[in-house]
């Protein structure tokens, strides 16, 4: 088992190592130690891109939460055999090719696309709206791509809550909504946080959606990292950014564990 | 004795399967009432209907003169203690107990006072700030109980209140529940499948089977005078012999005749219920058989013997006369012992 | 209950959101026009062009090879890993580490693996893709299997030992069968994840063995042809089939 | 876990070692009589930048088996080639300045011209290009320039003549313009509009370029290297920065799609074939280059990709109608040489990368 884990740790260890070396003039690695790559990451240019990414991904996460929670709740209200079907319905798009799902939004959102044609046809707008190649399109694409990752953990959390807890609250005088707010919501917090991390992390790291739906005009951390490896051939700096992403992930999960512990008073 | 709760012709079906079949019951003020039945008998459905979590297909539930069929559970003056206790894991003991009072928007001071004194009553005065997962089973049960009675409901419903507890704790809690019921003066309705539990705590018991109430009576009455073979079989240990009476003897269907001089119509088909203590093992016994098992209880021993009476016979012997399995035995009973039970 | 009614609408709206784009792709796959936005008539020509497209077929073949190999490897390793971390390790750090590849950003993992392979001069190709996919699929399988192991009564294995079975026999006759639902679910998940994986493949694949997502990526980037729509529709059909099969087999194995 | 620690340090150690050894090593001589049928050639070319049955034609003519893989951009193939380790690729198609960069990194094999007699077919102008004078490391495959591809029907009376028409479009065209995203060609329109060299390394000039491009970004529909022509066909865009031959793909579908080189001038780009030093099939690789340079073959390529090839005999052989339909096919070598050749920027590449990031993320 040690070997298995070593195989998993190695990739991260290697990029961690790379992050301390220098870039060669034509790419590759010059093996002299430096901290410059870390200093560069603090440059306002990259901090700005990080800010954009975090803002966009947070929007995606928030929207996914607002849509995903009621969805998961609705599924738990179905009969058990229907719950299974509803879950499959939610996951199924997730099992079709990611690129194709993203591409479908181009067809929907472009100025000649269905949405604009529909709105024009209904006379709601007189000129096509610029829907595609905007940060909004990127948010939409990411939301579409990762919504199931929000629904599933919340569903899992909700379905694990003993239904008698909710009934106990109602029995003690709480209205349906109060019982939801005071008992179901708090107990679903751990699962909800997992869902938020599951949506936020791949959103920040995604480079395909900004490229296809953002028209290259929106740059996120994922694009930046990809470009360091594939365009600028600056592996050390790309490694720094990748490491930063992993660190962010670890911090988010630590935060999630902490909040969970606080809510339930246990690990 | 005033009727607090009148359950009148209540029916409820799930997928055409009758969970409650025309159930009628009256429960009195300050009574400790038990609903006893095997699993699937409809007792839990009835309890949930009383709490308001199940709607009725037909019938009325009248509480203190008011039909509560359309009153939602959060507005009924009835509280439920859940089988799983359903303690909120994200709240402290204090907050769990205070939950219902807070929903009533009671003043802070009153809440603190009532919760604190009730926690003291149930013996958890120093546990108020604990989280529920830090409590033992018995402590959880006390919190659940406190939470359900702190609102002073007209009726407290208890769903299998002791089933999650160890035997020793369970015995303590049986006494505790009785004590508390007297102390707080609330009508308790307990649902249980455990006849010992029901018999030891309840003032009256309703025995349910397949969605119907088979008999409502005091524990002594149920034991001594079961209304039908199901109750006779379900309550206590008994030997039930089926046959028809004729000239002071019971003719079993396999032709064997056994003594029975109890008053009944000649020729009618009946069950004769014999409690183990009704039968004695004696060398003068007219019925012979073979011992097939013995269960030793300390002061006495339950013997099961095959005597050619269609079913094995169960009887008690003193701890000095315990036979061995395989021994031949002779038994007898007086013609006027036992109870005649008719099929309902 | 009224709550179900309102939430039912939520569910319907979400399903619309999830399926409208897919429905459009399917409809467009039968569009005679090359321009994706104009309907000029019904046609199945994009399907025939798709089946004549050698690179798509090659991509499909490579994806199947990778998917099946990854599935087998990651189920075997993932189950062993799950047993290892639940039964033989109490360290939560080891557990977290073992499950990390499932949640680590794919980009970071892809780059790390590329760095690893180039560091040891391992030639890039389907082998490296399979190894890379196995790393993260294995973590998913382990996560699923771990959940199941925690549910299994440990007395089951003790009972089998008590009844005279060897430890090895216990593993194959008791442990594995009782893990079967998790194994099947994990296998299907591993296959689908691998079949759809783009980022890690993009970085760790060699030049001469494109997988289907790589082919699709270049198709999407170079001119949008309705062939992609046809391909998407078929991939969707394929996924639906897998899901249905999995639903069946998992239920079947649970009832055994 | 000690075994883990050991294997970890061994592997990290080997990273350093192998990294240090990645460069160096001389060119071994080729065997002119090698058995080509035993060699299996792997070629990476831009998708859609070669006739579909090129591999079959080559296999029939020479006997080696051949696989063609695709890349989307120079950067993508460069990343694979410079990642260290064996990429598995024998021949890569890259633009001239990237061939220069690969040569500087000692990753490409200096051509054995005795195995490529058809080099003589190259236009004389194509033998002395700035990125690789004398074609020591690379052989030109196609060449052309960058300009504006536009819808003449939708822009009637306002046809673009200057890069500024695209960078600061009239109100009616705002949001209907695309630009190339690849760094060098991202910069080109502004560099030329401001009168600077496409190879400028002057930070002040480049900052002006950046400001102009940031301003232009507000009016862009998207950055698009690969599908701009179909946006013109659909009418989503009216004006795009385009490589000449790629504009032709739009013209085929709609004759109103036209190409123009703005008055400020443009670049001369050359897409080349290079043989990788790591190749184990160098003889077949040379045979492939020679095969391409065969006039009939090179003409066949030009007819398929609609780009001009630097092979006079081949250009003379292409279907006469093509030159009339697609004006870029009629550009003369002298015309192209009048534009500025792109060369590798060396250390200034970092500046371009940074500015490109500032522009696209700005």
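We just call them A, B, C and D in the order they show up, numbering each chain from 1.
Heads up, the rule we're going with is that contacts are C-beta pairs under 8 Å (C-beta built on N, C-alpha and C of every residue); 3 or more make two chains touch, one makes a residue touch a chain.
Remember, it's a predicted structure, so these values are computed and weren't measured experimentally.
*Asks:* Any chance you could check whether C-D or A-C wins on number of contacting C-beta pairs?
*Replies:* A-C
*Asks:* What is the chain whose Cα centroid lies farthest from the Cα centroid of chain D?
*Replies:* It is B.
*Asks:* Where the centres are mean C-alpha positions, what is the separation of chain B from chain C, in Å?
*Replies:* The separation of the two C-alpha centroids amounts to 53 Å.
*Asks:* Suppose each chain is reduced to the average of its Cα coordinates; what separation in Å results between chain C and chain D?
*Replies:* Going by mean C-alpha positions, chain C sits 36 Å from chain D.
*Asks:* Based only on mean CA positions, could you tell me how far chain B sits from chain D in angstrom?
*Replies:* Inter-chain centre distance comes to 87 Å.
*Asks:* Just the number, please: Cα centre separation of chain A and chain C in whole Å.
*Replies:* 18
*Asks:* Can you tell me which residues of chain C touch two or more of the remaining chains?
*Replies:* 37, 114-116, 119, 224
*Asks:* Would you please write down the residue numbers of chain D that are in contact with two or more other chains?
*Replies:* 11, 15, 19, 84, 234 - these are the residues of chain D that touch more than one other chain.
*Asks:* Which residues belonging to chain A are in contact with no fewer than two other chains?
*Replies:* 5, 9-10, 14, 110, 112, 229, in rising order.
*Asks:* How do the chains pair up in terms of touching? List each pair.
*Replies:* Applying the touch rule to all chain pairs gives A-B, A-C, A-D, C-D.
*Asks:* What part of chain C is in contact with chain D in the complex they form?
*Replies:* Of all residues in chain C, those touching chain D are 34-35, 37, 55, 114-125, 206-208, 210, 218, 221-224.
*Asks:* Name, in rising order, each residue of chain D that touches chain A in their complex.
*Replies:* That would be residues 1, 3-4, 7-8, 11-12, 15-16, 19-20, 22, 73, 75-76, 78-79, 82, 84, 101-102, 104-105, 175, 178, 181, 183, 217, 220-224, 234-236, 346-347, 349-350, 353-354, 357-358, 360-361 of chain D.
*Asks:* Quick check on the complex: what are the chain B residues that touch chain A?
*Replies:* Contact set of chain B toward chain A: 51-53, 72-75, 78-80, 82-84, 86, 88-90, 99-100, 103-104, 131, 133, 147-148, 151.
*Asks:* Write out the stretch or stretches of chain C touching chain A in their complex.
*Replies:* 1, 3-4, 7-8, 10-11, 14-15, 17-22, 24-25, 28, 36-37, 77, 80-81, 84-85, 88-89, 94, 97-98, 100-101, 103-109, 111-116, 119, 135, 138-139, 192, 196, 198-199, 203, 212-213, 216-217, 220, 224, 228, 231-232, 235-236, 239-240, 242-243, 247
*Asks:* Considering the complex alone, what residue numbers of chain A touch chain D?
*Replies:* Contacts found on chain A: 2-3, 5-6, 9-10, 13-14, 17, 24-29, 31, 45, 48-49, 52, 110-112, 130, 132-133, 215-219, 224, 227, 229-234.
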